[in-house]
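First the structure, which I've put down as structure tokens, then a few questions once you've had a look.
Order of writing sets the chain letters: A, B and C. Residues in each chain are counted from 1.
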Amino acid sequence: MTGGSSTEGVAGAALVQPSPWFEARRVGKRFGSVVALEEVDVAFRPGEIVALIGDNGSGKSTFVKIASGVYQPDGGTLLIEGREARLRSAKDARQAGIETVHQDLGLVDSMSIARNFFLGAELRRGPFLDLTRMERETRKMLVEIGLGNLRAVGQEVSRLSGGERQAISIGRAVAFQKRMLILDEPTSALSIKETETVFEFIRMAKVRGLAVLCVMHNLVQVRDIADRFVVFWHGRKVADVANTGQSEKELAEYILEGKLSELGIERSSLDTGTLRALMQE
Amino acid sequence: MAPTPAAAATVSSRGDTSPAPPGGSQPVAGGWQLAASSALTRLLRQRELGIALVAIILFVLFSLLSHGTFDSVQNWAAIGSATAELGIVTVGVSLLMVSGEFDLSVGANFAFAALVMALMIHDGYPPLEALGADIGIGIGVGLLNGLVTVMLDIPSFITTLGTFFLWSGVTLLVTGGQTVTILNPPGVLTALGGSVSGQIRAEIFWWLGAGLVIGLLLHRTVTGNWLFAVGGKRFAARETGVPVVRTRVIAFVICGVLAAFAGAVQLGHLDSMSASFGSTYQLEAIAASVVGGCALTGGRGSILGAMIGTVVLQMLDNGLILSGVSPYWYESVVGVIVIAAVALHVRIGRLTRGAEQ
Amino acid sequence: MKLFGQSRPRAARIARLAAVPVALVTAGSLTALSLAGGASASRTAPRSASGTYYFVSHGCPTDTFWPPVWNGAADAAKRLGIHVDILHITQAECGSTAAEVNLLETAIAAHPAGIATTVTDPTAFSSALKTAAADHIPVVVFNSAPTANGLPNAANPYLAYVGQSNYSAGVGAAHEAVSEFHLKSGAKVIVIDHEPTNISLTQRLNGIRAGFRPSGITPTVIATSDDVSSGASIVGAYLTSHKGVDAILTLGTTGTDEAVQALTADSLHIRIGAFDLDSTTLAYIERGTVTFTVDQQPYLQGYLSIVELFLDKTEGAAPVNIPTGPAFLTSSNVKELGRFVNHTGF
């Protein structure tokens, strides 16, 4: 093996990679005079978990809202399977195959699991809801995605734990055979054990061939789940790297690169404590 | 709060949700506990349970206290016709409350729509046209409430407080405050509120019919599902693609139509209508809905519960009289019942939902 | 009851209708009857539906006209040793005919010994009254009748009416106003209608219009409500924007309060003629704020309705119409009534 062939090998691997299902090209968004996103390019491939990380105000949530149809970009284009796509509303995005699990999970606490599962995509028989079939299908899907022990599908979602709710939301995306799953801080309110459970579901979505975008704050946890890190700083993409087992410190350095250059600090001179302190800011 | 069997099942099954390989089977931890408690839980989960208990207790109490007059067929015909008009209003108000909104203008809408209908009949218009005008006004009033609330993004409590004054004023303007009396009621009015057999009046069937139709709409159709979602968590509903604005406006329109229709029914009952009729309905309808299990915060409620709630209010009014208790007590007792019923709903809710929230 | 023994000039006008003393005699003899007639058994009789009488009215709980009516019914019950349940609409239901009809239907469902009720609408009470007739429940109507002369009709069957003819009382009030206030043709008179939904007030109003017509006066009607403060502001606004009002007629004590409270320095000269009597109206008359009031003896309406029902039940004596008014009270003849008025309204 020569160095060249090694390079070829990497290139070959890149060729084997499936083409992106969803792509943002030079996407920008401004609110009045504030630039929230500036010419951002990100691609999402089936079966790949992309972790979007960055400081507060780095443009993560703006990007999520554009990808899920809540905001329309001012500039640039969105591509789905290589074709230009316009996502005018959350409904458009859902119909295109993008399921977003927001921080509040998109679940209505006061409604049953089955009604939540089919909310916005209800099954009917004539003019009426086909509740029997909705409950049966929900149960079937829960079993299929490994949530079969989640108690009666007729009970209120408010009875479920945080992890169970995440599981339902993710399960909903998988069950409806969406092509892309966007998760906004999926583990922020969960215990360690529940987080691991949710990660299992995210991995399952990946195995099923969904493109996954995962916005996360926690740099320790994100290393366990991501295939690739995309890092935003002040509305720009500053890094887009495969997960090669970078340390928490290295991730923090990606995030803080912009800030460090502003402050004129050498990256190598940083210790973990200073990094943490900077992250806290 | 002590863990109930259901809550215990919750605890034992939590954390066991590790995903199996696709298609794999799952051991169901705590399943037997579930089976044992599910019948009770299912019963407790019925929002009508609390109010049904209250109704049964009141029925027994008044039957004993009234020397056999309370539980007579004739008295229940009287309770039925007293319930019907408020009941039709309450059906609409409870649906609206499920969607997370209030309508304080139902009483004004009731009188305004029915007065226009009465004046039209009085002036010789075809009675069905007059009924159409009544319904049309109901749609218009509801649409205005809905659009103003949604477009201006103000609480419906405020919108409908405003339209309550607006329509009350218009009604007085149109009639000068006078009562409009129909001396020779046409068939339409008899069909709405006339006698079916003895003391049993048509309005009872209109109320039951309205309850059935709206109950099916709310609990068994897609629109109903969306009403619950919009009232339960509006943002979540929007995120899942529910047409939130349209659903909210529809709720106001349904409420408006039913209030106006109730006015027409009362016109059929009394052959007489004035601006002050229905003036107590906005608060009584909210009280009946709340007593029947509608959450003030929206997202929870049942049409059947609200209907039983209306009957309970009328049972109180009627039963206190027949038991020889001063009717002055009525309002005080209603106040206590409202608080007690809501406290009961909260307890039952905690019991069935577990205490984790 | 010194009213009728007065020798003052105005006293002659108090009892325009001969039936008033008749009514008093009836009441007095009945009381004597029940006290002497060994009716003591019924005094301790256990309460049961068949022995209960219901007393239904549209009286607003805060309307000071009504306590004397209710006191009259309660006093009659006490003296006769019978059980009378006095049913009230709630404050929120003031003016709601449907609320009173509901009370009446509840009373009928109990199959009581008798029902006394007001009838404030020509159609709304019809089916309830027909039901009572079909069930052979004796009904006496008091205070407000569906017809101008107080008599029952095919749509509204009942046995008798205890109260004034509101129409003729209205005519009388107009005549009284013309003579007391020296009103000329074209004089500006306003009438305050505080319960526009109440047919008996409408009957008074029609009487007033008819009574003024020969004098060439067309009164203006102002619709207010049972809420005195809002009613007063409506009247006040009218008086501010319409100068030159000569006189105000009211149709009841609530309207009287509204009229008096609406008066300002600019309008103090306006003369007021009232309907009905309570302690406040009495005070207004004593002070001269109100010149006269048309009294219908509310206490007797309550008392005699119960007495008639009782006699119908026990003696088979068919109830008869008893006109309890109108009587015209002015400052010259009301002074001695003060100590009764809170209880009897007389």
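Going forward, contacts are C-beta pairs under 8 Å (C-beta built on N, C-alpha and C of every residue); 3 or more make two chains touch, one makes a residue touch a chain.
Not measured: the values here are computed from a predicted model.
Asks: Taking each chain's centre as the average of its Cα atoms, which chain lies closest to the overall Cα centroid?
Replies: B
Asks: Using mean Cα positions as chain centres, tell me which chain lies farthest from chain C.
Replies: A
Asks: Measuring from the mean C-alpha position of chain A to the mean C-alpha position of chain B, what distance in angstrom results?
Replies: The separation of the two C-alpha centroids amounts to 42 Å.
Asks: Distance from the CA centroid of chain A to that of chain C, rounded to the nearest Å?
Replies: Using C-alpha averages as centres, the distance is 77 Å.
Asks: Please compute the C-alpha centroid of chain B, do the same for chain C, then give the distance between them in whole Å.
Replies: That gives a centre separation of 38 Å.
Asks: Would you mind writing out the residues of chain A in touch with chain B in their complex?
Replies: Against chain B, chain A makes touches at 89-91, 94, 100, 102, 104-111, 115, 119-122, 124, 127-129, 131, 143-152, 154-156, 158-159, 161, 163-164, 167, 193-194, 197, 200-201, 204, 207-208.
Asks: Which residues of chain C touch chain B in their complex?
Replies: So the residues of chain C in touch with chain B come to 47-49, 52, 61, 83, 85, 87-88, 90-99, 101-103, 105-111, 121-124, 126-127, 131, 193, 196-197, 199, 202, 221, 223.
Asks: Okay, in this complex, where on chain B does chain A touch?
Replies: 9-10, 13-29, 31, 34, 38, 41-42, 45, 216, 220-222, 224-225, 228-229, 231-233, 235-242, 295, 299-300, 352-354, 356-357
Asks: What does chain B use to touch chain C in their complex?
Replies: These residues of chain B touch chain C: 66-69, 72, 74-75, 77-79, 81-82, 85, 172, 175-179, 181-183, 185, 195, 199, 266, 269-272, 274-280, 283, 317-318, 321-322, 324, 327-328, 330-331.
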